[in-house]
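Each of the two complexes below includes chain A, the first together with chain B, the second together with chain C.
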Partner chain A sequence: MAATVYNLFVINKSGGLIFYKDYGTHGRLDTNDSLRLASLWHSMHAISSQLSPVGGCTGIELLEADTFDLHCFQSLTGTKIFVTTESGTPGMENMLRLIYELYTDYVLKNPFYEVEMPIRCELWDLNLAQLVRKDGKAGLTGR
Partner chain B sequence: MIGVGRSKQNLNVVDRPLGKGKTEVLLSAFAFLFSELVQYNQTRVDNIAELERRLEDAGYAVGIRMLELLCHREKGNRRETRLLNILSFVHSTVWKSLFGKVADSLEKGTEHEDEYMISEKELLVNRYISVPKDMGAFNCGAFVAGVVKGVLDGAGFPARVTAHFVAVEGQPRPRTTILIKFSEEVLQREARLG
Partner chain C sequence: MAAIASTPRMRCLYIFNRDGVCLHYHVWLRPLTTLSPHQDQKLMFGLLFSLKSFTAKMDPVGGNKGNLGAPNLPGQGCSFHSFRTNTYKLSFMESPSGIKLILITDPRMGDLRDALKYIYSNIYVEYVVKNPLYTPGQPFKCELFNATLDQYVKTLQ
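Showing the complex of A and B:
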């Protein structure tokens, strides 16, 4: 089954939304809703790691709902990248790592990007579009 | 100095062969360093032209040193004295040593006799850089233009060197062209040499 991504979020370490993209299939959000969801997820993620009965928990990695899955990746610096996908989509962990790789390459190595601020980098958009195609299907399989 | 024989140890430093040096560095390390160089200079300028000039100056210092080093290493202490030879030296020897490959193309300008262009589909310094729209045609290749200027100036071919984005049909990304405009005296000398 091909992976279908509905939305992609990147939030900075204080919970602010710095990048949002929807792939036009399901669950399109307007600007306010996307901001709200991003900061809500940031808090839930933080609470979950505190509430966890097991020590050393880093927060929710996968949230399974009736109609979608939410996969989350947290970098060492606290930047979180998360996607909502079709339920039961496999291989998202790997996909998030690839997205993180693009983020470190085309956002962090760009001298005109200010850390923690909204991402506006042409090369990031370009390479992200190659990884997740317009319809939300994974573009580069087996990379 | 482990593994170095006693006789070698006693050799005077100038008698030892010139080391080849480690020829490659990690691209990520370079990208971060270059990014910092741009950011550092950006905080110290008021306009884009000034930033371009500062990057060019930084590259100029590299160019002067590269010429010296490569003449020693590759040319047996000789440097090129003819226009086309020095251009191909920049296009191949300098490029190979700096970027690990020969530049994509070296062309003569069609409109002016004194203009030459070195083009790269993707200049190494621009690999991860997206220039924001409000900075117009600014190109971080100004650093590389500075390197070329340094080499040419050092070799006795004063020139004005600039970096430009040139859109390519069917490609989402423009390529970078380094435009070299030689001073009048260079062309006069070339003409005298025949």
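Showing the complex of A and C:
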């Protein structure tokens, strides 16, 4: 099975889109739409935790739509990373953690990066592309 | 161990019609209630509505998708069937007439699409829609529906 990552979003704690990337030709969005979708996701994530029947809810982790899956990772500081993938792609939780690791290493530790602002870091782009490409080929498993 | 295995995995069920009226709200186990039932139902319908327009726009397969938030008829556009958080799982089904069934369960529950279809066609349609005293579009209280639903849900544990 060829696992495919369609899009990757990083949103800051107030719901602003700070990084967006699409992979391949599927699911390409224009800039305005990606911004809107990111802030929409931020609010739905918050509402989902309000509707929890049990205490201690931290929001949506996996959304299964008809044609894709959306996996979301929220860091302790409120930064959210979410990816859309082909339905039924396994091992994405792990991959999101690895992406978060790259984010802390190459974005947060970059002295020229201003927190909560759009990400423009060459090393992050490079390592992220490598990770997504490698995992895509390996079927996103065994890591 | 036996106590853990027998804890009910169902939390609650919502049934909405196409206008967002909550026809039925059934609670099995809900330790946390922060909102009044009415507020809770409105928020739930709003969340489903926005999630649907979100997935319709995000859809990587369909071609022309229109603007974000463009109205879609039931069955049109890419919808979703479940989402999972760390504390619950929500399974969602929409009938062609716009009836929405929402089942909230423990996050470890598996795929409930067939269960929702069963609840819709063998319980809701049979005991509510075919009830001659029921006015469509109105909230209902039907004993037979509740009893059958309870019985069916027990088989899902």
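Definition applied: the second predicted complex is superposed on the first by the 131 of 143 C-alpha atoms of A that agree within 3 Å, B and C clash if a C-alpha of one lies under 4 Å from a C-alpha of the other, contacts with A are read in each partner's own complex, and residues count from 1 in each chain.
In the analysis below, contacts are C-beta pairs under 8 Å (C-beta built on N, C-alpha and C of every residue); 3 or more make two chains touch, one makes a residue touch a chain.
On a predicted model such as this, the values are computed, not experimentally measured, just so you know.
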Please tell me, clash or fit, for chain B and chain C sharing chain A in the overlay.
fit
Between the centres of chain B and chain C, viewed from chain A's Cα centre, what angle do you get? Round it to the nearest 10 degrees, please.
160
Just checking: does A:75 make contact with chain B only, chain C only, both, or neither of them? Give me first, second, both or neither.
neither
Let me test your reading of the model: by the given contact rule, A:121 touches which partner, first (chain B), second (chain C), both or neither?
first
Comparison of chain B and chain C by chain A residues contacted
C
Just checking: does A:49 make contact with chain B only, chain C only, both, or neither of them? Give me first, second, both or neither.
second
Go through the superposed model and pick first if A:94 touches only chain B, second if only chain C, both, or neither.
neither
Under the stated touch criterion, which partner chain does A:110 make contact with: chain B (first), chain C (second), both, or neither?
first
Distance of closest approach, chain C and chain B, by C-alpha atoms in Å
30
Taking the two structures together, which residues of chain A meet both chain B and chain C?
none
Report the residues of chain C in contact with chain A in the complex, numbered from low to high.
11-12, 29-35, 40, 43-44, 46-47, 50-51, 53-55, 57-62, 68, 78-88, 90, 104
Counting only contacts in the complex, chain A reaches chain C at residues 6-7, 26-27, 29, 33, 36-37, 40-41, 43-44, 47-68, 70, 84
Touching residues (chain side chain B, partner chain A) in the complex:
28, 31-32, 34-39, 42, 128-132, 135, 140, 172-173
Residues of chain A defined as touching chain B within the complex:
105-106, 109-112, 120-124, 126
